[in-house]
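Each chain gets a letter, A, B, C, D and E, in the order it is written, and its residues are counted from 1.
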Amino acid sequence: MGQISVRDITKVWGAFDALKHIDLDVREGEFLSILGPSGCGKSTLLRIIAGLEAPTSGQIHIAGRDVTRDPVWKRRIGLVFQNFALWPHLTVFRNVSMGLELRRLKKDEIRRRVLEALRMVQLEPLAERLPSQLSGGQQQRVALARAIVLKPDVLLLDEPLSALDKNLRQDMQVELKTLQQTLGLTTVFVTHDQEEALSLSDRVVVMDRGAIGQVDVPEAIYNRPASEYVARFVGEAFLFRGIVSGSGARPMLRLPDGTSVPVEGERLQTGREAVAFVRPEWVELEPYDVHSHTGAPRGVIDRLMFFGQTSDYLVRVADRQLRVKRRPDGPALSPGNDVALICKARVLAAQVDAA
Amino acid sequence: MGQISVRDITKVWGAFDALKHIDLDVREGEFLSILGPSGCGKSTLLRIIAGLEAPTSGQIHIAGRDVTRDPVWKRRIGLVFQNFALWPHLTVFRNVSMGLELRRLKKDEIRRRVLEALRMVQLEPLAERLPSQLSGGQQQRVALARAIVLKPDVLLLDEPLSALDKNLRQDMQVELKTLQQTLGLTTVFVTHDQEEALSLSDRVVVMDRGAIGQVDVPEAIYNRPASEYVARFVGEAFLFRGIVSGSGARPMLRLPDGTSVPVEGERLQTGREAVAFVRPEWVELEPYDVHSHTGAPRGVIDRLMFFGQTSDYLVRVADRQLRVKRRPDGPALSPGNDVALICKARVLAAQVDAA
Amino acid sequence: TKELVVAAFGGAYTDAIKKNVATFEKENGVTVTFVPASGADGLAKAMAREVDVIHADMAWAYRGEAQGAFEKLDPAIVTNLSTLYPKARFSDYGVVTNFGQYGIAYNPKEVSPAPTSWLDLWDPQYAGAVTTAGFDAANIELLVLMAKLNGGSEDNIDPGFAKMAELGKQITVFYSQHPQLLDLFRNGEVVMARWLRGRVDWARKQGVELGFAVPKEGAIGLVSTVHVVKDRPNKELAMKFVNYLLSETSQKTYASDLGYTPARAGLDLTGIDVPYGEDVVGSLLIADWKKIVPQMDAWKERWEKEVVAR
Amino acid sequence: MHKTILGTTLWYLGTLAFYVFLLAPLAILVAVSFNPVAMVFPPQGFTLAWYGTILEKPDFLHAAFASTLLGVMTAVICTGFGVLAAIGLRRYDGPLKGPITSLLMAPLFIPAVIVALALFQILFMMGILNNIWTLVAAHVVVTIPYPVRNVMAQLEGFEGSLEEAALSVGATPRQALLRVTLPLLKASIIPSLIITFVLSWNNYTVSVFLASKDWVTLPLQLRAYLQYEYQPFVAAMSTMLIIASVVLLVLVDRTVGLGAMRKRG
Amino acid sequence: MKRPATILLLPSVTILGAFFVLPLIWILILSFLGSSPTGEVVGEFTLGNYARFLTDSYYLTDLLWRTIRLAAVATLFSVLVGYVGALLIVRADPAAQRWMILLVMLPLWVNLVVRTLALMVVLGRTGPLNQLLVGLGIADRPLQLLYNETAVVIGMIQVAVPFVVMAIYGVLQSIPRQLEHAAMTVGATPLAAFRRVTLPLSVPGILAGSVLAFGINIESFVVPILLGGGRVRFMSVAAYETATVSNNLPFAATIGIILLVVAMALLGLYQWAVRSAGRAAPALQAG
């Protein structure tokens, strides 16, 4: 009932191309996240799917029907607006119940469903408040409740949890995911929280300045990014550019400064230029030791940042900075210390192809 | 120039106590973060410090002067509003320049400083846009630029980075921190991103329904939470309630189900009831083995969630769920597997005192 | 039952002619509805055949007649026609129901000796404290009078305007509402004004002491006419209504309730302080409106330019 | 927000000055209505007698009734049409936008009496006079600029996403209009209703030509009355109207609300 | 979204078409026709009416120019006073707001003639205002406040202010206070915050208010007659009297048409000026 096809969608604002020939299929019942830097066109895409914005060109199909010319209210979608767009003149309850009232459900039924939705977002006690009497996070949850109470075929969520603290956010993630799975809702979820995207989604879209960078399952996005851009954007990546050397069992990438890092990847060809990346958690830092670490990339600890679960070390390597997560139980390292970077890098597939 | 004293501040909305006798000192040049669940009164506190809301009772001192009755514009504070509050009729440039214009700076000077601020938030190319032509994250950055361009003595930031993607957010964090340190700005930073709070701040305040739960340096907040509430709110905590047994070198907490966990903590008294907590990253999961793991808490893997840098395992222990972060290089664990929880718990200081 | 729609001036005037209408209604099995309309709107309603009887003044009476809005009065029905003063016989198409007297109202404390002539309004002694209304019927009469006094006539109005222009220079405010003039007298801003006798009596009742002088040239006549509208279903009843207005009782009411001089001769008005009689009616200044009406547009413009403008 | 004592004092003084300026004539009227003798201020005594005389003037009561009915019809139709037009103009983007806007404003700038006369003649030629609907329509025409302009002004600052939000929960544009847009435009719609009502209620120039005998309105009666009389009765009647309007406005406030929701902060 | 827009415009355009445009066309035709001495319209084309108006300095200066001048001055003050009033109301606490609005609308219920007569009492030589002025020693004897252009302007302001308040109130009310607060956090005094944020954002209200006030003032009728002491000539009075006293309908129509054209032209000019002067312009068109 709810698969969405985005066909060659382009959106131009004046001289600015907000979306460039976007093609995307969201499968029925799928939970698809959109990740992308600020201003890359995520909200615009969502608004076009919802029918709130007319695309400059291209088509939108929902459930197999071309809905490009259909008005919003016929598309049976639920939408959480990035800026909430709560109705200031209506109480929390009425904000949520509006959609049900429009469907002419019975009073009891409406009441039951609204309270259920409010319970889900933990706002039941505030049902009679006006939006102006709510905190930012509370407003956002009302917006969420307003969309989900309808149990629409398609749920479009534009950063619906951005104003929530971690615990509440996790609760909401679980609730959302449960709802989505039990009802089989096709869900498009815009977020800037990568962990959220990677952990909740069936597939993730990474957008780049109005275009799609990669669409794949979370694991592939993270471990096999299609491009330098995706590698850098999702998680943290430290990139090496060099020449593949020492092929076979232990391929290495020789860096311009003479050091080498072990790499892995498909179709590595000795002598070819390649780009490889490491994730901070793939890297071990060891106090630099001339003897055992010869040839390994070397860095200096710039700064130590405390993060709770792990500590982050900002390590200066050549003239770049690498942020390495490290559990605080290894050997003590302080700013100024020389360290060796022990890691295996991964060659970017796309880069190899391109070479 | 910028220390802030919050003295016994109370704010009541009708019958609802939004803030209850808040006492707080922000030292000069300090970066203080406020963490707390949605609706706990963070924004209200900030708005009271800024002078936008009158407290029901209590005083605010800035730089030693009682400013409780002072109007906003005399307080020399910069504020980023949670909902941005950009001026819709002014371009990005003019939104940012307004404060400088009011100080009657020279045109050149204004231009230079505005462009500098816009560069900092990476919006220089959009200077001539109107707020309505910006994406959510772009708007938020304008709000940030508007506050920092003034280099005020006191900077109050209400979730200023919530709409930004991770990379941009990190950039902004670095910029903010640098600015704060070079200028010695007293900064109060409301966020719901704990990592952000813990890594950026000199001290962190954890709020709980209108009251302060704990104020301390990040490390203490994380490792020595003052209460169950703080332990649970910051980071993830799995709590055990039991009787202290086996004192001396290897104190243990005997749980109601007969198993025991090793604990540490000050002033442990055998035979007393205590509450201890573990952080997910303190826990190792091992495939359960009757022989080696006798007595250790036991759980079942419920679900595996992929998160990028680490994988999260949802482990069911008794009837609670524990979310354990685990780097994907240990022994393979799948949903359904029995696991032993290998960890050392920490007794909550407050809990011991209370006992 | 049948309905007769009568357009009248409204207010106290309508109240007065309404006073005895119940008997008329009963006798003729009709209900009479009064609507406040006169002048342009009255004639418009007549042209649109929305009313059966309309009231008018000289100017509108002539215009209506010229535009063929009225029915000829049938003396067989309007039997009271024969009882009227000749001056009241406007034309075949209408009849005057009552007259009023415009004279000079003055504040006896300030104005002495009492005015005796219209020309006393021009007395430089009272410059700035005299007033008259705008371009209304009475001022047109005054204009014509001045023309005549200075060798002109309805056909040669220039001398009139020259004289009126002099008056205009001495006037601070042209009043437009009776209450306004009352206040002007009360505040002492005006000591002498061209006003209507009935209004002066009213002003005295409001506590303002005023004298009223009938100038030696004669009082300017206020004229109310009544007409039967053409092509309305109840023509005969309308005629009967006109006859009713001219009946003895109705005519007395004009005097007793409005302070107007009845158009009917031979009434016994003892106890009513209203000038009445052949000589009173005969001496009223009433110009030849047949000549005036076609010139009104031009005169109005001249009035504004020459009398009002400074 | 904190307020300084000086600021607050100035504020109250300003408010006082504003209302004194606006309401001074009404105060005079109310005071005079108790004056036993004449329309003189200050009053020289006290009587309620003039209020009694209102009941003795059936013409006025009837006219007041007609005016009320006419005013209500005009207000409802005119505000209704005007609000729709304002919203339509905001959405409409075609070449006729300018001309239509001008058309909707034009009745403000031509003496109504001329329009009424012309309309009268046209209706007369078409033989459809004597009709309450033509009177209402004429009133609507001369008052429509008010709701259109007021609502257009408020719409310019209107948050479009609120309407979009309604569409996204399945409201048709009509429902979105009814449930979101209109309630949010209350701050200009309610005043428009009241303004169009009083404009119609006080209209003389249009009614004088277009009101049939059954719809003789209060301004017509009053104007005729003022030709002859000017007694505290007029003041008493005005005072009654003031009181009635207060009662009415309070009722309106209780039912639909005049005040406004405030945004936080 | 084009279709719904036309539907929304349909009722008002229809009613205006039938009851305004049609008469307007008739008025336009009339203005090119002559008039017989007794007031019948003469069916032959003439430019005489326009010639009569446009070649006569009485009509051009004393009538048209005065009307526009006084209406413009009165509009300026009405908008000033009305803006202040609307602001006072919007900034009052919500419970007081409704009463304040109610009070603003009170005068509208009283017949304009009656209200103006009462205003004449206020301004009269022995009226309360003069008593106050003399009592406070501001004037040593009662001033002549009535029967001049100033009095007319004061009267017009009195009439127009409630309408201006209503027009601006709706707009001010929907400007979030927070935008002003944001200005204060960057150091704006309340006055500066008002000038830089609220004022430009309320331009639509100011425009609406001035359009309505100008419309009301330029069509002023009762006020100039009564407060002007018969000396302050006004277009609508002239139109009215030309129709109802002189009974020259074509010329009255001409006056009407000239007023309409001049007023609309001025208005267009004014709106254009305000929009391009205020930096507000682009903001108001966006979105």
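In the analysis below, contacts are C-beta pairs under 8 Å (C-beta built on N, C-alpha and C of every residue); 3 or more make two chains touch, one makes a residue touch a chain.
Just so you know, these numbers come straight off a predicted model, no measurement behind them.
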TODO: Moving only to chains each one touches, count the minimum steps from chain A until you reach chain E.
DONE: 2
- [ ] Mind listing the chains that sit against chain A and also against chain C?
- [x] D
Open item on the list: Following contacts chain by chain, what is the lowest number of steps it takes to reach chain C starting at chain B?
Closed with: 2
Task: By number of C-beta contact pairs, the top two chains - done: D-E
TODO: Measure off the straight-line distance from the CA centroid of chain A to the CA centroid of chain B, and report it in whole Å.
DONE: 21
Open item on the list: Need the CA-centroid distance for the pair chain A / chain D, whole Å please.
Closed with: 55
TODO: Determine the centre-to-centre distance between chain C and chain D, using the mean Cα coordinates as centres, and give it in whole Å.
DONE: 36
Task: For chain A, residues that touch 2 or more chains besides their own - done: 83, 133
Task: For chain E, residues that touch 2 or more chains besides their own - done: 113, 117, 121, 176, 178, 181, 190, 201, 243-244, 284, 287
TODO: Please set out, as single numbers or ranges, the residues of chain D touching at least two other chains.
DONE: 1, 39, 117, 157, 173, 184, 223, 226, 230, 262-265
Task: chain D residues within the chain A interface of the complex - done: 159, 161-162, 164-173, 175-176, 179-180, 183-184, 186, 261-264
Task: chain D partner contacts - residues on chain C that touch it in the complex - done: 5, 9-14, 33-37, 40-41, 44, 47-48, 50-51, 177-179, 182, 186, 202, 205-207, 258
Task: Contact footprint of chain C on chain D as seen in their complex - done: 37-40, 59, 117, 120, 124, 129-130, 208-209, 212-213, 216, 220-221, 223-231
- [ ] Sort out for me which residues of chain B touch chain E in the complex.
- [x] 50-52, 71-73, 76-79, 81, 83, 85-90, 94, 98-99, 102-103, 130, 132-133, 146-147, 150
Open item on the list: Can you tell me which positions in chain D touch chain E when the two form their complex?
Closed with: 1, 7, 11, 14-15, 18-19, 21-26, 28-29, 32, 39, 41, 80-82, 84-85, 87-89, 91-94, 100, 102-115, 117-119, 121-122, 134, 137-138, 140-141, 144-146, 148-154, 156-158, 160, 173, 184-185, 187-188, 191-192, 194-195, 198-199, 201-202, 205, 218-219, 222-223, 226, 230, 234-235, 238, 241-242, 244-246, 249-250, 253, 257-260, 262-265
